Amino acid sequence: MPVKLLFIGDVIGKPGREALSRELHRIVDRHMVDLVIANGENAAGGFGLTEETAQDLFKCGVQMITSGNHIWDKKDALEYIKREDRIVRPANYPDGTPGKGTTIVKTPGGVKVGILNLEGRVFMNNLDCPFRCADKEIAKLKEETPIIFVDFHAEATSEKVSLGWYLDGRVAAVIGTHTHVQTADERILTAGTAYMTDAGMTGSFDSVIGVKKEEAILKFVTQRPSKFEVAKKDIRINAVAIEVDERTGLALNIERINIACG
Amino acid sequence: MPVKLLFIGDVIGKPGREALSRELHRIVDRHMVDLVIANGENAAGGFGLTEETAQDLFKCGVQMITSGNHIWDKKDALEYIKREDRIVRPANYPDGTPGKGTTIVKTPGGVKVGILNLEGRVFMNNLDCPFRCADKEIAKLKEETPIIFVDFHAEATSEKVSLGWYLDGRVAAVIGTHTHVQTADERILTAGTAYMTDAGMTGSFDSVIGVKKEEAILKFVTQRPSKFEVAKKDIRINAVAIEVDERTGLALNIERINIACG
Amino acid sequence: MPVKLLFIGDVIGKPGREALSRELHRIVDRHMVDLVIANGENAAGGFGLTEETAQDLFKCGVQMITSGNHIWDKKDALEYIKREDRIVRPANYPDGTPGKGTTIVKTPGGVKVGILNLEGRVFMNNLDCPFRCADKEIAKLKEETPIIFVDFHAEATSEKVSLGWYLDGRVAAVIGTHTHVQTADERILTAGTAYMTDAGMTGSFDSVIGVKKEEAILKFVTQRPSKFEVAKKDIRINAVAIEVDERTGLALNIERINIACG
Amino acid sequence: MPVKLLFIGDVIGKPGREALSRELHRIVDRHMVDLVIANGENAAGGFGLTEETAQDLFKCGVQMITSGNHIWDKKDALEYIKREDRIVRPANYPDGTPGKGTTIVKTPGGVKVGILNLEGRVFMNNLDCPFRCADKEIAKLKEETPIIFVDFHAEATSEKVSLGWYLDGRVAAVIGTHTHVQTADERILTAGTAYMTDAGMTGSFDSVIGVKKEEAILKFVTQRPSKFEVAKKDIRINAVAIEVDERTGLALNIERINIACG
């Protein structure tokens, strides 16, 4: 029996959450999804995640939340993340970081899926090596299940593609997040891992990667600090569906999803 | 009469050039292309452009070559670029830079198309403002033709999307290059400009953005300098076709192209 | 008659301002200073400048305030800077930036001194070329006076030293700011320009470049965002005194100043 | 009995090596130095270190060579560094990196001195955490000797000062390298560790941080890649002498050294 994972790209603020509230159940039905994972690092007003916004996502049908560099933006997250099993932050943050970088979740059908969140280092924070961290965390997850999903939250395409190949054959999928632009390179690599450089974002597309476009342009043109507000029009859901062989933990299919929801 | 532009993402070394040699005429026929533009910054061994490799591209049917940060990698380019009208380098390099940042080319049907090449600044070189440079260069090109194509060679999605919106309604297309990964966000913006964050690359996909994957991974894992060689297997052509209204210079259609050629 | 300029490195918050209030008149007397210039980008709580904190500096005896990347941190500065002639911000911010990048000030003895503020681009904002900007601004200032002082607010030593040599013989002094650590390389370059890579800071030295050391360390160790508060103990004034030939506008002497004031 | 350490800032190419050959014995005599350590990452033509150039440094009287990001520039170093006990590279390179990050050396008087080399991460390579690495390596060195010298090869002043305070009271000295500009902030921190943000460089000062100034300026002004040659005039030795209490391993004195040698 294949297991169907749905992974939703960075959810941006209330517009993103509302879109999921309206549409997610339909996507789940249409694609016969067993497990819904969403990147929630921008779910709270575009910057960070709070208990309230995470609960919002869970109510929509999200079962697991991954994150990235913005997970620390809201101070509450530091406490909340410790007691909420359904949220992971990048595993390659240093020892002592609140929360955890991996988890194992069960589908309604009883299949265990390991989730691993990693953050890139090129043009980003100075974290532990995501490649070595993956080696270590995957070994531990494999003791529990052959099926592992990796959200690699990173900027540089070279680092993302490299991790994809590095983990090829060892995990079900390596899907990138962080750039908020969906890439068209979804494929199954030669040893069986589904790969896609970026899942994109779920939020306003009448925007610059989710924030009001006038404010983003102003920052580039003035080179002065700028406030950023979440944009509200032309909402789309960016996601990717991955079918995994339950026995081998390798990918059978990968499908890019981009749904306009007004 | 609409004008059909074909823009080919960064051509990577000999494998990329050979793929174009075999397939480009077919793509041109199928899409009834009037003008072929290709980003050539990696055409010579993956780093830079030489007279010989540029001639190779012209022989394949490329009419105009755009470029980016790698255009200076081969020393010969500095001289060659001065006498070759069919190559542009980013217009926002400082005054005194060899070559030019814009040009006007005629389709076989006699329609003038302005070409503008720009380079981003986020995580890249310290160049003049691409937004202001675009204002200035577009004004000049508009004296000659309403049809302007922009290759924005940049890293950060925020900068690329911002320029798209900034130029919306003023040019036919803003197409990104440099990340070597094709994005799935091609669309016509609200005021009529075709936009796509990255056209992708033309070269080996059994690679990390065109170079041998073992070498790229080694660099990330060791953090030591590494040589990079062009990879050779699983060649694909990444491009985008844009239909432009000859009279208004705005886009009628944009279509992403990704062709496997072995 | 030589003119004696005193330039004070980045003043950090209230501790820095109070130190100047107590000690500046003594330094002015001892060094027979004609003109006091201070970098004020961190004068307001460590981040930015307000009308109130600027007035504080003027009351201490500062006649001109230069700045840098932090000048925009306090929103009020955007308006204030337009009507206050005694503040400059880096001249190589884009056209349309509030305030101005150069000014001419008269010493009590009636000698005109041109002040030019520039910001580096390496590891910093994406600004106009400071080298070309300097060429242009110096030409204008030279119509008024042969004596020009340059505060080059920059991170990379290579960029700072390069600008020093580039302007050697054309200005009285190129003094760096921004790193908050005083360098020991003060000298007069071969064509007569006084140069020093960084003037240092005026504030707490029981700190990490002015902020509480526990908070700075925490940020490096956790890689999470962190608040920064101005530190308060072990206050020192970092400055540099430059003697300039009134006729040639070239430097006769440069002296590094580092005064502990408790 | 105090132990006197002399640490020499980045030695730049042949001019730097020749200056040491002529002057080092004199400095050693004058300061009654027990152990000479030099940063050799630029000793071979400005980029990297070879067996020949390292031997040159040893002949001058250098007993231990530390390094930094440039240590990998010359391919030979990868092999040489494995069999040469007197060279360390930053300890926070990943597991499997050739060479070692710490060593213990004996002064002629028989006192053991632990040497730890670290590299910063801000604006540099993506390495392991230098703070945690220091914790671990210092614990090991402390089993052998109370006297530990740290060369922290880093760019950002904030990271360097932070490590100084982080290790205060645990090591004899934290001395920075990499910027090639000597800082004027040498001091003994409150718990007894000698600290200085940058030791400076040993090489040509008629240069931009050791390379020909025309070439460095050209790079900033053109934003194109540029070759860099070692400059040859106005040679100076930048160093720092630290007196350490043999029993406590804490610093008794720190003295900045800057010697012009023609």
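Read from first to last, the chains carry the letters A, B, C and D; within each, the first residue is number 1.
What we mean here is this: a residue touches a chain if its C-beta (ideal position, glycine included) is under 8 Å from a C-beta of that chain, and two chains touch if they have at least 3 such contacts.
What you are looking at is a predicted structure, and each value in this text was computed from that prediction instead of being measured.
A.B. asks: Over half shared or under half: which fits the residue numbers at the contact of copies chain A and chain B, same or different?
C.D. replies: Both copies touch with mostly the same residues.
A.B. asks: Quick check: superposing chain C onto chain D on C-alpha atoms, how many degrees is the rotation, to the nearest 5?
C.D. replies: That rotation is 180 degrees, given to the nearest 5.
A.B. asks: Hey, how far is the Cα centre of chain A from the one of chain B, in Å?
C.D. replies: 30
A.B. asks: Report, in whole Å, the distance between the mean C-alpha point of chain A and the mean C-alpha point of chain C.
C.D. replies: From the centre of chain A to the centre of chain C is 44 Å.
A.B. asks: Out of chain D, which residues touch more than one other chain, so two or more?
C.D. replies: Those would be 94, 126-127, 129, 132, 220-221.
A.B. asks: How about chain C: which of its residues touch chain B in the complex?
C.D. replies: Going by the criterion above, the answer is residues 94-95, 121-122, 126-129, 132.
A.B. asks: For the complex, give me every residue of chain A touching chain B.
C.D. replies: Chain A reaches chain B through residues 123, 129, 131-132, 155-159, 161-163, 165-166, 179-185, 190, 197-198, 200, 206, 208-209, 213, 216-217, 220-221, 256, 258.
A.B. asks: Could you please specify the touching residues of chain A with respect to chain C in the complex?
C.D. replies: 72-73, 93-94, 96-97, 125-127, 220-225
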